[in-house]
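So, here's a batch of structures to check.
In what follows, chain A forms one complex with chain B and a second complex with chain C.
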Partner chain A sequence: MSNNKQKILISDSTLRDGNHAVLHQLTEQQIATYCTAANSAGVPIVEVGHGNGLGASSLQVGEAAVDDLTMLTIARKHLKNSRLGIHAIPGFATIERDLKPAINCGVDVFRIAAHCTEADITERHIRFCRMEGKIVFGVLMMSHMVEKEILADEARKMQNYGAEGIILMDSAGNYLPNDVKEKVSFLKENLKVSVGFHSHNNLGMGIANSVAAVEAGAAIIDGCARGFGAGAGNAQLEVLVAVLERMGYNLGIDLYKLLDASDLAERELMEKMPTVGSTSIVSGLSGVFSGYLKPVNRIAKEFDIDPRDLFFELGRQKVVAGQEDRIIEIAAELSNSGKN
Partner chain B sequence: MKKEQKKLMTDDCERVYSEVSGKLDVLSGATLLITGGSGFMGSWLCEMVYYMNEIHKMDIRLFVIARDHERFESRLPHVASAKNIEFICTDIRNVSEFPREVNYIIHAAANPDSRFHSSRPFETMSTIAEGTGAVFRAASLVSDLRNIINAGSSAVYSSEPNNREKFSEISPGLPLNSKVSNSFSEANRYSETLCSAARNELRLPIVTIRPFTFCGAYQDIDSPWALNNFINDAMCKRRIRIHGDGETFRSYMYGADLAVWVLIIMLHARSGQIYNVGNSNGFSLREIAEKVASCFQPAPSVLLNTSLTGDINQSTLLPDVTKAEKEFGLKQYTNIDTAIQKTIQWYKNAC
Partner chain C sequence: MNKYRVAILGSGNIGTDLLVKVQRSENLECVAFIGRSRGSRGMAKALELGVKLSDQSIEYVIDNASKIDLVFDATSAKDHMVHAPILKELGIRCIDLTPAKIGPMCVPLINTEECMDNMNINMVTCGGQASIPIAVALARTHKNIEYIEVVSSIASKSAGPATRSNLDEYIKTTERGVKHFSCAKKTKAILILNPAIPYIDMMTTILAKINEPNLELLKIELASLLERVQSYVPGYKLILGPLFENGRIVVILRVQGFGDYLPKYAGNLDIINCAAIAIAEEYAKAVKNE
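Then we have the complex of A and B:
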């Protein structure tokens, strides 16, 4: 095993992104069970929460079965060594209502996220977490939507606000490895802090894109057990770890125990394994947020339209996460235009 | 402002003034105008002028320009209510004339916070470029103007990673760059050229200073400088975290020293000159963190390499201030240990 390779930090999003896959219905028992297994495997960071992060549980984006604080309290109890992470989008998450209680619950890593062109909205949240002495990463969601120069400008804002790393999210599963290399390496050249990558598997590129990110200099890589995440799922964590070990990276994770944790996740957390279904492929191609898969399928059925048409129209109109209301509006427009 | 804070300010002004009093005599009876009066530099200048008037009866008339009167009043209530001091509430870009009797102008109306530059790059550039232009136009109408200080920034220098050399006034500038991340640096570079243009066309006497890094009262504890972060960690009874290996080098000039340096340069420098202002005695962040820790009981531990990814970015930002020291006989009047202790005391008193 080579020691002179860039250190890679694995962040496990199973209990956050995976919540999308079960309409945010993960239970207290499931959270406790998986945290115990991930902790035992030595996973460095375990992210927990509603799919859209702290404070997001709502009628609009889905009500969670378990409230944020209960989730975090349970996770903290079962993560003895692993760091507890959260995802927070300013707007959903407020400092007083969400971040302060999260700090009191013992959250270690705060991932403050914004749409890829709106890093400005993260300033107060990042500053607050830094002043509280916490580890803070900035997250740029839907990062496929803009060119590398704009991403670098937005990432630099988060860096200047105090983020210790900037994670590019391929929220739509739209990237191909060359896109990843281009953007990650550009950010690496233009930032002082670490760069990370969070992939989705809509085009079957979850692992390939994560590897491309590492080869381009990324130091933080997200994955989910069995790929349990929004839409077609994420980079499959246990595969990711195995591949990176095969590449010579020492991740500090016990592979056997991680495989056990993944088996457990499949058995205990999932209604069904994420697959790259037809609409997921269209979702990836159209560049629409992976978390839209379930609502798009449901609404398309309601309006008797082809979900693939709905995805392409959402993509054409550049609809992003948080604009769930637009799905119904656009479905209605498509339905009406079909009738006319 | 609490009584303890006011005493701290008076003691600081007295201690530093006593070292340079002869060099400030010519300010007696003069009229001074400061833009950016509620910022760090502006506040310390106001404190020093207030002290000279109150204790040494120097009868300096002071006009202070800033956008936020409430902030000025809450930070410097004793200055705001002093008889020789008048506040003008306006955006510097909207200034069209100054009081006729003004003899000296210190133009310090720019926000040095890199977070502001990131979020508001247009506002950053506009304030510096248009603000400086407005100041020079207004200054050109003043009849007995003796000197203008344009407070620029050390951001105009080109920094190379791992280069431990100090920046002198003739060190290379940033490569030409139109990236938005350079908005503050480029605006300051523009303002320096604007100084030359105004000297030539408007016949104004202008001296540029390039401030480096500072500490002391009137700096928000959440300002994005390493020293503030360390003090905040220690005051919150946390271990002091250093992201890298602690071998990044910085220096800090204390606010009271800054005030007398700026005033003395303003009184004695020739038009057209440029001076670095700061402390040339650099320390590694590890040393600075240890100095902060030693001011607390129990002393917090200092953690190095806290980055989860092992990324290390070393950098050095140190001024060569030989030019100002030699020409005006200036020196550091507050050593780093005292500066850190006093800064901590200020924050503690503010709680």
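Then we have the complex of A and C:
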């Protein structure tokens, strides 16, 4: 039986998505320590950087404590066997300023991302990284917002540019397992390259959705130690690996060492463990990018409004990742309408 | 009365919208609408407006140089690199709407005078036209600005193929423009495409790090600059701010277009075209007064 199972590639987003959970304040020491642990557990890909990827440190989405190149240089030094990955969104990251230096730093895996309907903005970036001989995945963010046919069209564009895998991100933690199955299997039928899935845990579906993705044929699955990531966090990496092994997949990861890495992550990286907090549930239901949790909470307080109302209004107005300025605008509106 | 004779090079969204605006002007006359193919939507629109068409690209300008006072170049940065020296040789003024940035960057009412002396000027970017007046207000009221960031979100539908494949150039040119006009130590530009329906109006947010910000002074300066920009882009509106929030100055603008060629949400196309027309009008007036 096990011969029929697809090979699964695990990509560890702890040091990238987790940066959202600490307002992008991961330190050099923390990056070094976790990279060492993940490397020794045999994690295939370790993604590192600002929560919104290369070139994203900004007043809009938060300034990082450590600059991109320093993060990547440290990670590279401590990842002897694991591949080093980055996330990059055109519109934030550029080839000259961000991708070229990352290549020089020794990054192996380039995950070039766009909002799920905007794949064509990734063309030059995907082609460039492929020309440089790097592993390139196309990432469709906020993929809950559109139907499977549109996702397949956008994914095919990325495939044509040279992406070797297409990862659907459930950036808002809005999917239920049936949604995952429907979309992943449709992409699988319509693409030549691998399909991947990146879950968030807003509705408590982080692991269940990852399992559904694997059952539908996904071959790249993202996870984070203890679920350390934006909003309610991601699929908890060590649980994911244990569950997939229990399902009969051989991932080539040393479970004991991965559990050690997770313990270390809990101890060394986190201010507090990710939980499915009340606001995160609303964030998932309203379909708003998980990275909005911290700014929404802060701004709701400043404007003396209910963060849940703010999330639902942001969802109604269909904001995408990177539009954090709209939080203030909508908060001001809600606050004014409350006073009238 | 002789109008100032302009030719529009490039028959995409920008070029076609410019054409509609030129048609409205009392001082400008479009003597040629020039593309590469007569089959484009822009060409159909120009035909409908009764404007002279050509599919000969820059060749048409070379052959008709004596009949043209000004060329709006709405092609691409790469093409403009070819067109610029030819236009210079022919002695034809050029307003460059691509991110090629060969001539000095121009924002009307901020450096119109500098532009009068140059045969080739560059209109920066849509985000640059929207944000630079605010960056100038910051610079006029504060010394030693540490950092200015400009975030623009636009409707996916308003971003044509050239915009989509030139995000890196957009970022670089916008950052340079904001830095040039504000003298901030560091600048950053971010562009977000949002596919929401109904389509979103262009929104531009200016975020800045400034020691000892003086919001009262800034408000007064902003009000006067807003009014001046609104004189050529009526849909340019302050939505929020200036606020001091979480250690940063925040100013949020929204730009609605005239709805000339593309609907009103495409404020991004409108603002750069309105700026280009405003400068062309100045050239026309200068010639008239000679």
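Here is the rule we go by: the second predicted complex is superposed on the first by the 337 of 340 C-alpha atoms of A that agree within 3 Å, B and C clash if a C-alpha of one lies under 4 Å from a C-alpha of the other, contacts with A are read in each partner's own complex, and residues count from 1 in each chain.
Note that contacts are C-beta pairs under 8 Å (C-beta built on N, C-alpha and C of every residue); 3 or more make two chains touch, one makes a residue touch a chain.
What you are looking at is a predicted structure, and each value in this text was computed from that prediction instead of being measured.
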Check the residue A:184 against both partner chains and state whether it touches chain B (first), chain C (second), both, or neither.
neither
Now for A:120: first (chain B), second (chain C), both, or neither, which partner does it touch?
both
Once the shared chain is lined up, is A:72 touching chain B (first), chain C (second), both, or neither of them?
neither
Which superposed partner A:95 touches (first chain B, second chain C, both, neither):
second
Does chain B (first) or chain C (second) touch A:327, or do both, or does neither?
neither
Looking at A:9 after the superposition, I want to know if it touches chain B, chain C, both of them or none. Which is it: first, second, both, neither?
first
Let me test your reading of the model: by the given contact rule, A:282 touches which partner, first (chain B), second (chain C), both or neither?
neither
Doubly contacted chain A residues - partners chain C and chain B
120, 123
Where on chain A does chain B make contact in their complex?
6-9, 44-45, 109, 120, 123, 127, 130-133, 135, 153, 156-157, 160-162, 164-165, 190, 192-194, 219-220
Flag every residue of chain C that touches chain A in the complex, lowest number first.
147, 149, 151, 153, 156, 161, 164-165, 167-168, 171-172, 188, 190-196, 203, 205, 207-209, 239-240, 243, 245-246, 248, 250, 252
Within the complex, chain A is touched by chain B residues 114-115, 117-119, 179-181, 222, 224, 229, 232-233, 236, 238, 241, 243, 307-311, 313
Which of the residues in chain A end up touching chain C in this complex?
58-60, 90-92, 94-97, 115, 117-118, 120-121, 123-124, 298-299, 302, 317-320, 322-323, 325-326, 328-329, 332
